[in-house]
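Heads up, the next two complexes both have chain A, just with different partners, chain B and then chain C.
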Partner chain A sequence: MRAGTLLRGVLTPIISIALVFLLWDLIIRGFAVETFVAPSPGETLDALRENWSTLWPLALETIRETVYGFLVGAALGFALAVVMAQLRILQGLIYPVLIVSQAVPIVAIAAPLVILLGFGIAPKIVIVAWIVFFPVAVNVLDGLANVDRDLLSLARAMGGSRRRVFLHIRLPATVSPLYTGLKIGATYAVTGAVIGELVASTGSSLAGFQRAANSSLDTPAVWAAMLLMTVIGISWFLLVVGLEYLTTPWKHRAARRRLRFGAANDPRS
Partner chain B sequence: MTAGTPKLRVEGATKAFGENLALAPASLVLQPGEFVSLVGPSGCGKSTLFNIVSGLLAPDAGHVQLDGRDITGTAGNVGYMLQKDLLVPWRSVVDNITLGAALTRGVTKADRAQAVDFARRYGLGDFLEHYPHALSGGMRQRVALMRTLATNHDVLLLDEPFGALDSQTRLEMQQWLLQVWAETQRTVLFVTHDVDESIFLSDRVLVMSPRPGRIAAELVVDLPRPRTLELMTTPAFNDVKREIITLLHGRAAA
Partner chain C sequence: MTTNRFHAIRLAALLTALALVATACGGSDEGSTSSSSAATDGAATTTSEPLAITLSYDWPTVDFEAVPIVVAQQKGWFAEQGVDVELIFPPDAASSAKVLATGDSDLALLTTTDIAFSVKSELPITSIGNYTMSNNWGLFTKPGTPVSIDGLKGKRISTYGDSWTKAMLPFVLDNAGLTNKDVEEVVVDWDLPLLLNGKIDVATNTTNFMLAGVRDETGEDPNYLLARDYGAPDVPVWVYAGNKAWLAEHADGAKGFLAAIAKATEWACANPEEATTLFGEAYPDSGYSFSYNRIGWTDTCRYMQDDAGQYFTQTDEQWTTLGEALKGIGELDTVADPSAYYTNEYLPAG
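Moving on to the complex of A and B:
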């Protein structure tokens, strides 16, 4: 990574987030806001530290719901896109259902799902998957539909079989749109998990912890839970971004890392 | 193959799209190792004829023969290259060159060795593992031609392969193509609307005219080989050029 890229990619987001915390602190101090109304960043971090032994296992549970739901949703979305891309009639049948699924308010699905699936991890996984599969399906379908027609003609002129053209051209072409979908899904996945926890609140969840802290007017603990949820969401998103970077070297590298045939020169340098 | 059998023969190929006759009966013959260009304005049926020969398009009438064997409407018999390089962004230079093998039967060690050999021989030796985005336009077209060569077909169909390059690079690529052609002994059908390019490269130039698309005239380019850039300013070159321009424009005016 070049120095400029490093600066833009890592340093600027850190600076901007630090500025948000500074602004937060200034507002709390400047208006002398009472702690039980809204805590300062310092008070929130203190509450996070004090409740850490309680919060950490709950956070692990939220992470588990998020990851499982994300994987199920991503796999389902990808599979649906591939199926839809095969036949126009299938796309005509499935696509409206996808749209309708997203029109249902996610909060309103939670209650019926809990009734249907109980208070365990299942309804949370379904809610997260429900949120994640849509951007994945839509983007991958788009990717499959937008493979360069001339490239497909070339593949056909070369005598390529349908299966091999799919394997070597159409499928790899879905990688970029897949990551677009995954990144959108990743930012919402934690929201889905928390909604599930909120509706199926049995106390032993981040959302349950927050609700309990709220009713005992422990506002710093309420904010600490919120901060933790946010950190989980950001971490998951960054993990997906990192995975994209590692698995799509052709987007940011001039040459393949493993040089099997001797030295390589960058023609642009 | 008996002696005298042409490498490629197109006989009476016709194609209409709806009411519009894109290609009136067109016939052409390419001898083994010949370099023949098709020139003509847009809409003269060049691309239609090209797609019929490649097998991407089935003609309404007529047929295409390769070494005397009927290949009408079947793909995978000739090499094929377009103005767009159509390199696959996630494959390295070598992997792009072996694309044909990957799409038909799987890439073998021999395919890779051949790809590396082509790349080294024709100026891409330092870029074997590079991704296409890191290459210049001229180099990308070289890779595209290597990919076409690597399919090991005797006949190469090149549809304005240098049309998108700047004129300097284009001149370099033309000389380079002649070198590749001389060394690999392929038979080339080259589509262009650049008259200079067609003369510089070809043994024969077929002039096409539109509405309906047809082969209007044929011209033998009797200029010595190997050819260098100096040839382009000789009187002999200009004589051929004048003749082709008259065929292209004089006919339209008549």
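Moving on to the complex of A and C:
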């Protein structure tokens, strides 16, 4: 039963990605799209293989920027949400700024960030953190705002201190929304790192490679870099999903119980 | 009260959405301009329907390098030649060649390296005339900071990560007895603010854009050295190019285009103030000041004729030299026969 579920869990996304590749290939062939406009999956994978020795070290750098920025953004977003939930007046003051911060086009602030912070990893971390902290903050804030009122009343009636209520009721209630925010942030984080690389980088970068390949009309190499960026984004998302699975065992235990309970009450069983 | 407020919010949201939709639908299309809508003060001698030509620019937004095209439109010189030119803008700087190759444009303004890579990738395009006749690419420092070939070691040099810079910079470094390990190369999106803020020591660019940017911003000139004086090949940076299939079908259109451009270029270089004014009128929302455009265009003119005073004429030597330079940095495996890169077939007579 568990092996079957696991197989389904692994096979389904693989089939779905394979279908995307198939559709991509069909579009390129069906519409006779020239390679210099958009390469086929095969040409892109060939370019990825040919340029692998150049691309891999660059990808490692992009991963480093993504991870650091993600951790900073997630920590900031979480802390900000907790503080805002505790101090309503602060929430009233900060929440609109939070929304405004996301309405500002990130590319517009990327250049000033480079002037202020230099060409190293710092502006990239800030840009990734800027992208990640918003979904984390908003989701955690929602989680804190929707804690079961009866549970809170019960805890208070039983003499629970403010600190204990926070640690044992409010904080655990943020876990699910926190992971939702982290998963949204994970998919966008690599985009932030690439924007940072595009604005300014010392030496080589994945975005720089892509720009140079584009300048040389080497479209398969451009798409190879794009594919690698996508893989980094997906891997980071999967890592967060894995982390969620490991750190919230009660969620899948509850799901299994529901399944078992449902099966036992199924008239066909 | 609450219901009224809810209705008011819904109404406000609806009106906002409608306003956004109306703005999106009614916004002016700044992505292209056509001579058919341009005011003309010259008499059109062709009475038949003009040949519609689409020209893809070399940059996603318009700048002073479009002055000859604008002048030819505004003065009616395209119409005199029986052509009607629409300028379109590619999504990024490298896409103009692709737009031309797919036939989405008939002609294009491209860099010479675009042509070299197009031949490598077998794109069906060819260069039909030089835009500039020599290499105005160089190394720049901010006003008040001297630049010298001997002082490059250890400097932070910005590039755009483009193939032209990749091809040219090694010549200059080699001339200085350096390699790329002796300098810190920074790939940037826009060099001017970084140069003026002292975040980079040296910027690489062409004189027309850097002089215009620095002088317009600070009122002073940057210091610079031209790469061609320090070992880099003196080859043109930009060319007019055509789609091969379109050229085969519309040879007269291509000739007419270049004839009008020749007239417009000559006039615009002799009258930079008026030419810049015409450009400003055609593109009032370009984002550049009159002074920026005038400085940039005036400097561009310095490189548009060869020693014999000729416009456009290409040579085997320029293409072979460029090809060898690109081969030298590993961007090309082989240098094709010069005829693969260009033709002078459509140049105006005389």
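Heads up, the rule we're going with is that the second predicted complex is superposed on the first by the 240 of 269 C-alpha atoms of A that agree within 3 Å, B and C clash if a C-alpha of one lies under 4 Å from a C-alpha of the other, contacts with A are read in each partner's own complex, and residues count from 1 in each chain.
FYI, contacts are C-beta pairs under 8 Å (C-beta built on N, C-alpha and C of every residue); 3 or more make two chains touch, one makes a residue touch a chain.
None of these values were measured; they are calculated from a predicted model.
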A:34 contacts which: chain B (first), chain C (second), both, neither?
second
Based on the superposed arrangement, let me know which partner A:216 touches: chain B (first), chain C (second), both, or neither?
second
Looking at A:208 after the superposition, I want to know if it touches chain B, chain C, both of them or none. Which is it: first, second, both, neither?
second
With both complexes overlaid on chain A, does A:119 touch chain B (first), chain C (second), both or neither?
second
What is the contact status of A:199 with respect to chain B (first) and chain C (second): first, second, both, or neither?
second
So, A:175: does it touch chain B (first), chain C (second), both, or neither?
first
Have a look and say if chain B or chain C is in touch with more residues of chain A.
B
Chain A contact set shared between chain B and chain C covers none
Inside the complex, what are the residues of chain A that reach chain C?
34-37, 110-111, 114-115, 118-119, 198-205, 208, 211-212, 214-219
Of all residues in chain C, which touch chain A in the complex?
92-94, 97-98, 101-102, 113-114, 117-118, 120-121, 123, 160-163, 166, 184-190, 193-194, 197, 199, 331
What residues on chain B touch chain A, complex-wise?
54-56, 75-78, 80, 82, 84, 86, 88-90, 92, 94, 99-100, 102-104, 116, 125-131, 133-136, 139, 151
The residues of chain A that touch chain B in their complex are 148, 150-151, 153-161, 164-165, 168-169, 172, 175, 248-251, 253-256, 258-268
